[in-house]
Structures are given as C-alpha cells and as structure tokens.
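Next up is a structure, given as structure tokens.
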Amino acid sequence: MSVAHTFLGLLESQPRHGYDLKRTYDEAFSPERPLAYGQVYATLARLLKNGLIVVDGVEPGGGPERKRYAITEAGIADVQAWLAQPERPEPYLQNVLYTKVVLALLTGRSATEILDVQRTEHLRLMRELTRRKSSGDLTDQLICDHALFHLEADLRWLELTAVRIDDLRDRLQRSVARDDHRPASPRSATRSTRRANP
Amino acid sequence: MTPQVGPRAWVRELALGARMALAGGPSGWLRAGLTALGVGLGVALLLFAVSVPHAAAARQERTAARDDLSFEAPPPRSDTTILVGTADTHFRDKPVRGRLLQPDGAHPPVPPGLSEVPRPGEMAVSPALARLLASPEGALLRERLDYPIVATIGDEGLAGPAELAFYLGADDLDETGDLVTRRASFGEPRVDRGLDPVLSLLVVVMVVVMLVPVALFVAAAIRFGGEARDRRLAGVRLLGADARMARRIAAGEALGSSVLGLVVGGVIFLVARSFVDRVELFRLSLFPSDVRPDPVLALLLVVAVPVASVAVTMLSLRTVVIEPLAVTRRGGDVRRRLWWRLLLPVLGVALLVPMLGSLSQSGGEFSVTQVSMGLALVLVGVAALLPWAVQAAVRRLRGGPVAWQLAIRRLQLDSSTSARAVMGIAVAVAGAIGLQTLFSSVEANHTMRTGADPDRAEVFISLPVEDGWAGVARFDRAAAAVPGVLTVHSRASQSAVVDPVPGADPGDMVHTLVTVGPCDTLRQLAELDSCADGSLFLVAADEQNHFIAPPEPGATLGFLAPRIDAGEVVLELVDEWTIPTTARTVAGRLAPNGEPTTGVLATPAAVPDDLLATWPGWSMSYVDIEAGDPDVVERLRTLVWDTVPAGSVSLTSPTAWTDEFATVRRGLLAGATVTLVMIGVSLLVGVLEQLRERRRVLASLVAFGTRRRTLAWSIVWQTVVPVALGLVLAVVAGLTVGAVLLKIVNEPVTVDWSVIALVSGLAALVVLAVTALSLPPLFRFMRADGLRTE
Amino acid sequence: MSNALLVATDLRKSYGPTAALAGASVTVRAGEILAVMGPSGSGKSTLLHCLAGIVRPDSGRITYADRDLTGMSDVERSALRRSDFGFIFQFGQLIPELTCLENVALPLRLAGVRRREAERRARAWLAQLEVEDVANKLPGTISGGQGQRVAVARSLVTGPRVVFADEPTGALDSLNGEKVMVLLTQAARETGAAVVLVTHEPRVAAYADREIVVRDGVVHDRLAQALERAA
C-alpha cells in the first residue's frame, strides 16, 4: 500500500504535522504495524523533492516531525490520478507463506503441517477482527472485512496448495517405488525427489 | 448445422428426454425402475385380460374335444366303436371327472390325451390326480380308486392343469344303462348357448369395473418422481431450451419410461404365465399355453400405453410453467374446478339412463359400447372428484396434535399425490358396489330353491338299481354300516303307465311314479298314521307335488323295460300290476332332498315278488351323518363306487345355480382379489416414493427428536383422510350405479349393506396393510443412513 | 475439564467399507462456540451426528453432562434431542408444508408444549432473528437468508444447551451469511448455549471461540495439544 499516496491524501484534507501524519496513518490504516519513523522521513523528503508538498510552517523544536506540511496543486493532481487508476492485482505473492510452502516441497516435508500451524494463527487473528467488527463503527467494519477476506484468501490458497503438494508427492513416491527396479530415469524431477526422500 | 425446428429436432428432443428418464445415478435408476414396475404391472394385467378370450376358447375346445355325452342316437357296434360309462365322483369338494372305457373291437377311438385305451382294471390319470393319490390327504380316494396307474392324461385331454380326471378300462359295462353310451369318436361340435342378456350385462360390467382402476393405476405410475422431473426440466430450460422444447423433452421422458414399462410388463407377463398352472382359483386353472394375448388387442395395448403416457404427461404440464430457475408450483395447491369433475359422472349416468327397463332374462338387447362408456365415465368421474373433495375438505382445517398437523398441512400443500394414490381404491370400491348390487339381484333370480332340508339328511345317494329291490336293500345295509352314518332311508322308484293299452305308444299314455321302500322311508315321503310291511298308499294331489293326481285304487299299472332291437333301444311292456282297492290316499311331503312326492308308495311286501326282483331304474338313499366328520362322505362315496361307479353322491344345498353363473362368480372373485392386490402395491410404491423424496425433511425431523410414533401417525392420517373421503364418494357412486343397473334389468332397487360394509372393510384393510408395510422403511430412514445427504 | 459438557473419546464409525471416523476425540465446553473444520469427506458431519446422538458410533464413548450418550437407547437419545439440543442444516430443511411460525414452534410442540404457548414463544424468537414478517409464509416462498434465520430461530426455541450447525451459511451469500452468524452467536451467548459449528469457511469459523480440524476421520486440536505440551 503506497504510503506516499496516503500521506498526500491525508494532506489534501488538511495540512498536518509530521507526527500527525504518522499517527493518523497508523490508526486508520495500519494499527498492527505502525510506520517506522525512518520511512516517514524518507517518504516526506521524496514528496518534497517532487514538489507534491511544501512546508507550511514550523513548530519550535526542530526535526521533521515538527514541520507542518501542505499539499500543492501538483500533489492534488497526483492524488486524483492515483485514485482513478486501479491497483494491479498481485499474481505473485511476496510473502513468507509462499516461500515456506515451496521450501516444504523441495525438502520433502509435509505441507499439511505448515497449513495447520498457519491456520491456527490466521484464525486467531480473524477471531479478533470479527470481534472488533461487531463492536465497531462502519469504518472498523470495512477495515476488518477487508482484512478478513484477505486472510481467508491466504488460507484457502494454502489449503489448496497443501493438498496439491501432498498429492504430487504421493504420485512421485509411487513412481519412485516403481523406478527403483528400472534404470535411472533422466527426468530431473524424479532425481530431485530421490534426493529429497532418502 | 443441426436443425433447431422440424421433425428431426423433435425426434432428437424426444430421444434426449428418453435418456434423461434414466439419468441421475442410482436414485434416478430407482425412480425409473419404480415407474417401469408400476407401468409393467398394469401392462401385465392388461395382457392377461386380453388373453382371456383365447384362454376361454382353448379350454372350451379341449372340453368339447373329449365330450362324450350326446343326445343323438348311438352308432351301431363295430370294430371302431367304444362304450363309455360316466363315473364322475367327488373328493372333498373337488369334482373328479371319470370315464369307464370298454372298446367294442380292436380299433376303438381313443380319448384326447391318451395314446391307447387302458386295459380293463387299469387307470390313466391326470397329473393332478396322480399327485393327490400319492399324497397322504388322498388316502381315502386311493381306497376308492384302487387301480394300477398305467398312463398319464396329456394336456390336450384336460380342461386345466388342476383338473382331477381319470379313464378306467372296463369289461362289464351294460350298454343299456342310463350313463353308458356307444361312441365312434370323441368330441361334439359344441353349440354355444351363450349367456342370457342379463348375465352378459353382468360380464360387461365386471370387465369395466376391473379395468378402469388398472388404467388409472398405469396413469399414476407414469407420474412417479414428479418433483425430480420438474427439476430436470428446469435445468434443461436453463441450458437454453424454450418452453415447447421442454415439454417435448418431458414427452420423451414419458415415452422412454412407458416403453421401458412395456418391456418390463411383457417380461412379468411371460414369467407369471409360466407359473399360471400352479394356481387354482375357485376351480379354474389354466395351462400356460392357453394364456395368449389376442394379437389385435395386444397391439392396441402396445400402442396405447406410450400414447396415453405422453398424453397424461402433457395434460399434467398444461397448468405448470417451467421456468429456468424453478418450476412454479411452490406457494400452495392449485385451485381446482368442480364443474368438469361433476360433468363426467353425470354424463355417464345420462348414457345409462336411456337403457332403463330394457333388459330381462328372456330378452332385450344392449349396446356394449354404451354400457361400458357410461360405466367408465361414472367411475372415472369418481376418480376426478376425489382430488377436489380432498382439497375442499382439508382447506379449513388447522390445529390439533403434531401428527395431525403435519398430515393436514401436507394435504393442504399437496393433495394431489395422496388423492391420486387413493383414486384406484375409490374407483374399485365404487365399481364393486355397483357390480355386487346388480349381481345379488341377478343371483337371486338365477337360483332355484331346491327345498332340500339338511336337518333330515345331509347326503343323497342315487344309484342305478341292479338285482332289483334286494340290491337296494343290500346297499342300504352297507351304507348304514359305514362309520359315522346315523340313519339311511332308501327307496327305489320307477315310472309306470296307468291303464295301459297294448300296442299303443308309451309316450301317449298317462305315467305315474311308483316308489317302493320300507315304512321308515315312506314316512319321510308322506304323512302316515300307521304303516306296516304290506301297506300301500296313494299320494294325494296337493301343493307340494304341484297337484299331480295319483292313479285310482284298482287301476292297472304297466311297467316298461328297454330292449335292444336291431341296434336300437326300444321300450316294451313287460309286467302289469293292479293296485289293490284298499289302497289309502295320504298327504305327501317333500323328500329330504326337496323332491316332491307323487304317485304310489309301496312297502316291499305289497309288491309282487317278480316285479320286486327285477325292479329297474334308480334308487335314492337319504343319509343322515354325524356332523363334523368330512371323511364319512368320502367313505360313502367309496362305498358307492364299489357298488356301481356310476352312482352319485351329493350334499345338501338349499339352492342350486346354473353352471354359467357359478363360472362368472368365480371369475369375479379372482379378478377382485388381483385388482385389490395391485392397488395395494401401487399405494405402497407411492408412499415409499414420497418417503424418498422427503428424505431431507425427514432427516431434520429426526434430528429434532421427533418420536417414531408421531411420524408414523402422521403417515396414517395422511392416508386415512383421503381414503375415508374416497370411500364416501365411492359408496355414493356405487349405490347410484347399482340402482341404475337394477332399473335396467327391471328389478326393484335394494341396498345390500353387508356388501358395502365388506367392500369398504376390504379397502380399509388394504390401506392399513399399506401403511403398516411402509412403516419399516420409514423407521429405517429415521436411523443413520437416512441422514447421509452429502 | 471443569465445565466440559460434551466429551467424545476415540469415536469410530464406518459406512460400509469407508471409515468416516477413525478414533476421533473432542471436548465441547458449556457455552463455547466450537468450529469443526476440514476438507469434505473428512468425517465432520459424521462427528456432528455422533455428538448430537443422531447416529451411534461403532465404538468409542460420548458423555453429555456426565451421562453416557452412547449407551442410551434410540428413544432416550431422541428425547434428549428434543429437550437439550438444537439443529441447523445447510439447506434449512424446514418442513415445506408448515408456515415459518409453525416450523419454529415444532420443536416445542414435539416436547409437549401446547400450541398457543409454543407459537407465542416462536414468534418472540422470530422477532429476535428479525424475520417476524415471514411468520405466516410457507418456506418455499421466502429467500434463502430469511429461511436460514427461521432455521436458527427453530434451533434455539427450546432453549437448548447445545446447538449443532452443519454448514449453516453454505448456501448463502456473504451478507446473509454474516447476518446469520452474527444473530446465531449473539443468541447463543445470550442463552448460554454451546454451538458446534461445522464449516469449511475460515470467515465463518472466525465466529467461534476455537477450532478443531477433522482430517481422515481423526480430530486435530492444536489448542489442546499446545495446552498439553505446556502442562
């Protein structure tokens, strides 16, 4: 999620201080993982450089968090353009889950274990989100739903993948048992599985 | 490019429908199987029905081919003639056809079913008789028919496979005897007397009453699995078929089911046919080869069943809208119209009314078509009224215990399923009541009171007399010695001419009956204040003997005897006897077997010795036996057989029927039994089908802990309500039909309540049986397996 | 366990050659909402049926409130279901010929409550599930979401201690499914009923307090395992 664009949007509504920007962002968009200060500074610096924001005023005390920022015309245009453009759906997940599962295949581990472990965690989070949803306002509901759907999507992918992988492994094991009595096959997949299954 | 319209497309759609009839995996096959079974049972029954003409004709041909009693002059004796003596007997209540055969020469005619005439003292028997003689129950009969069995009578010599019959070789037949004839061949061209008009009407009514429920049953079978079919049709619509195409596909499905049903029916028919010789219903039995469907009628059936099934399906879809997402039948029951349902029976009665008063036993004609159409319309009208009646009756009901509530609500939502199932019973009951009303009245007219009195004697034995009165007295003593016999009264009678004129034709003179017997016997025949051996009485002309006057005291009686003169039997005067003037006139009474008493009653001492020694004709013994011992009759029969095989032993019955009438009654009872069983089966299949379709609902009821009792009662109520309504309708319709039929044959209208009670009771019994039989599957559904819906 | 309500130990059940349960054990505590997850064909529904006393396992033991459920006769289990359990099925399985009100009143009537009283209580539950306007309609004429809410009302009307729900939102869209789950869990918490919820959807399982996974006829309970390891 683009932090820069979010800042711009926040500034479009009103000029803010650096610390104000970070606080609002954390509360509204990322309560679990607050932004690192370094990222905040870097983002603001880049926006300044590109002329999308300007410094409006300064609080006494120094430091970027004390500066007050305001959006420029160019910044408004940028926000407008970003909102009008759809997000690229991500066909390739860049998260740890994917990595773990691929490793499981290569090292001959059962993917079901990973699934079970992950499911417990996902569900724990999903439970909290569900609880929050029932006691919150509309904004909370929207945020929680969004997270819930994505978490569920992750889990579903994980379940399907686990089944696929275990299935593939079973088939390979059976063909390995057959090939044990035949000369070695040139197929690399078989060889790698033999390496994986001593 | 495959055509979308036109005949080729239609054929494709029909074929698709036919394939879909079998779709759906095991449950689809089960449904298709049930439909095929339902249609098949109906088809099999109808095939049997159209085989009846051939079976009756075949049976008649066989009995005619062996017929050996005729009233024509016998042929002269030659190398190719044979003497045939009747030796029928009975065992328990089964008749045994027996013939004594004595060839005149070396090339006698052979009866059908035998390859040669048995030698004297040897016996050829039918397979059924062979079995009986070999079994322990037939021991008494074996004592009687104590001859070696040398051959079996083939099928072509028997009326039916269950017939008990034998041919016995003889060498001592008296060709002048009453029951002995000489024949040059076997077989008489049978002149079909046919039935009188009233009996014919009865038969037509019987057939219609039997077949209408069967037709309804077949139509109901076609509609099994309606809900699943609706879902399939909706699915087809979803794939792009338009409404007409969907209907054609439905027609194809019906066609497929009915063709399958035809095949199944044919198979059932063939299989049942091979077992038909093991069945004996009311003394009728058939050979499998007899049961052959009339080709024209069978073809009609093969065409009519698929056509009718398509027509029924189209009719039932007329009020239904098949939409891609669902079949609109959801909210509640279709509102039914009364007018056309009432019109049918009214039309039917209207067809019958013009025939009022037109038939009687002696004459009158009727149009078979008119009667059958009229009757069929009334019966179909009952079937049509039932759904409306059920709907109207349950519409306002509500409340009550859970089982009642479930049942009534089910009926309110969908009265047609149960109404349709009960239709068959209602129609059958209506038909049966109408038929039986006509039947009892006709029966009353066709029976004659014989006047027999079982209190005085139960058994009557009639024998041809040999050895004159001495032979009769001997038999009397022998009969009295049989264990279980209480009293025997024997007499012998012969005809005499009064005041004979020599040379005159005996047919022109006045005849009277002369009866000789001991005082005890004579007391059975007349009111005697005193009697001693040597007494003689004249029976006065009065009411009991229809005012036949006895001869005057002092009149001369002339006795005739048969003589063979140039190959012909001639009667000649052989003796004369004058009645003493001291003969008293007494009042006669009916004999124990109901015969009126007339003429002269004489004790043996009153009759001249030479006359007594050559007394011809028949003797009659009235035997009173111990109640409750069936073997006594058999022992008496054996005694009679040993004395002279042509004797007859009969039991009291206060009435006698004509033969044809008895045959009709037997056929009626057989048909009614089969129809009721079939209807019971269709009801059961309907209930089971319903259970299957409501599997999921049942599962949820079970989950909530519904008691078995509750569910069972709800099924009972669901069946009882339509049945009760159906019975009411049926009784009303039946009584109306009965009244109309009685008026047609000019009889007063009477109501036979016992029949109504019996028929309704039977119908209720069938319903109870069906409900009871459907409980085990219900309870099985309520266990684990019924819940596996995944 | 302190307030264990329904305890199943080593359940085995086969339908013909296939073994649906192969040694499944689970504990349901009073008032908790338990999600039963797992791939289809894993035996989830069979486990539910066994716990509810609808089906008798081939071997193993189930105790409900310290009573031996497996040893009870069919009549006794049936009576128990009438008084203590409630059910929700995936396709509602409402009786099509009864009105919604009569459907909800049915469990009460089966338990012997008079019709008027049963229908009064049923109406109150329909109101709580926000479907009182369909009281006099037939189930065939209402939407899926309304139907499931009627089914939920039916499951709670007798005040059961355990509600068994088999894929209750399986046939519904997301919004209707949410509504049903929210109303169900709210009502269950209010009455203190435990809920055994069979589902394969994580978002639905998220309404429960904890989850177990059934795979190949065996129960995997990571929470219980973790607690055991800690103990």
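Before moving on, here are some points about what is shown:
The chains carry the letters A, B and C, assigned in the order they are written, with residues numbered from 1 in each.
We take it that a contact is a pair of C-beta atoms (placed from the backbone, for glycine too) under 8 Å apart; a residue touches a chain by one contact, two chains touch by 3 or more.
Being a predicted model, the structure only gives us computed values, none of them experimental.
The greatest number of inter-chain C-beta pairs in contact is found between B-C. Using the mean of the Cα atoms as each chain's centre, the chain most removed from chain B is A.
The distance from the centre of chain A to the centre of chain C, with each centre set as the mean of the Cα atoms, comes to 36 Å. With each centre defined as the average position of its C-alpha atoms, the distance from chain B to chain C rounds to 61 Å. Note: centroid distance chain A to chain B, computed from Cα atoms, is 89 Å. Interface residues of chain B facing chain C in the complex, by the touch rule stated above, are 330-332, 399, 402, 405-406, 409-410, 412-414, 696-697, 699-708, 710, 783-785, 787-788, 790.
Interface of chain A with chain C (complex): residues 112, 116-117, 119-120, 122-123, 126-127, 129-130, 134, 148-149, 151-152, 155-156, 159, 163.
Chain C contributes residues 15, 40-41, 45, 49, 52, 54-56, 74-75, 77-83, 85, 87, 89, 91, 93-98, 102, 106-107, 109-110, 115, 138, 140-141, 164 to its touches with chain B in the complex. Residues of chain C that touch chain A in their complex: 35, 37, 39, 182, 201-203, 205-209, 211, 213, 215, 220, 222-223.
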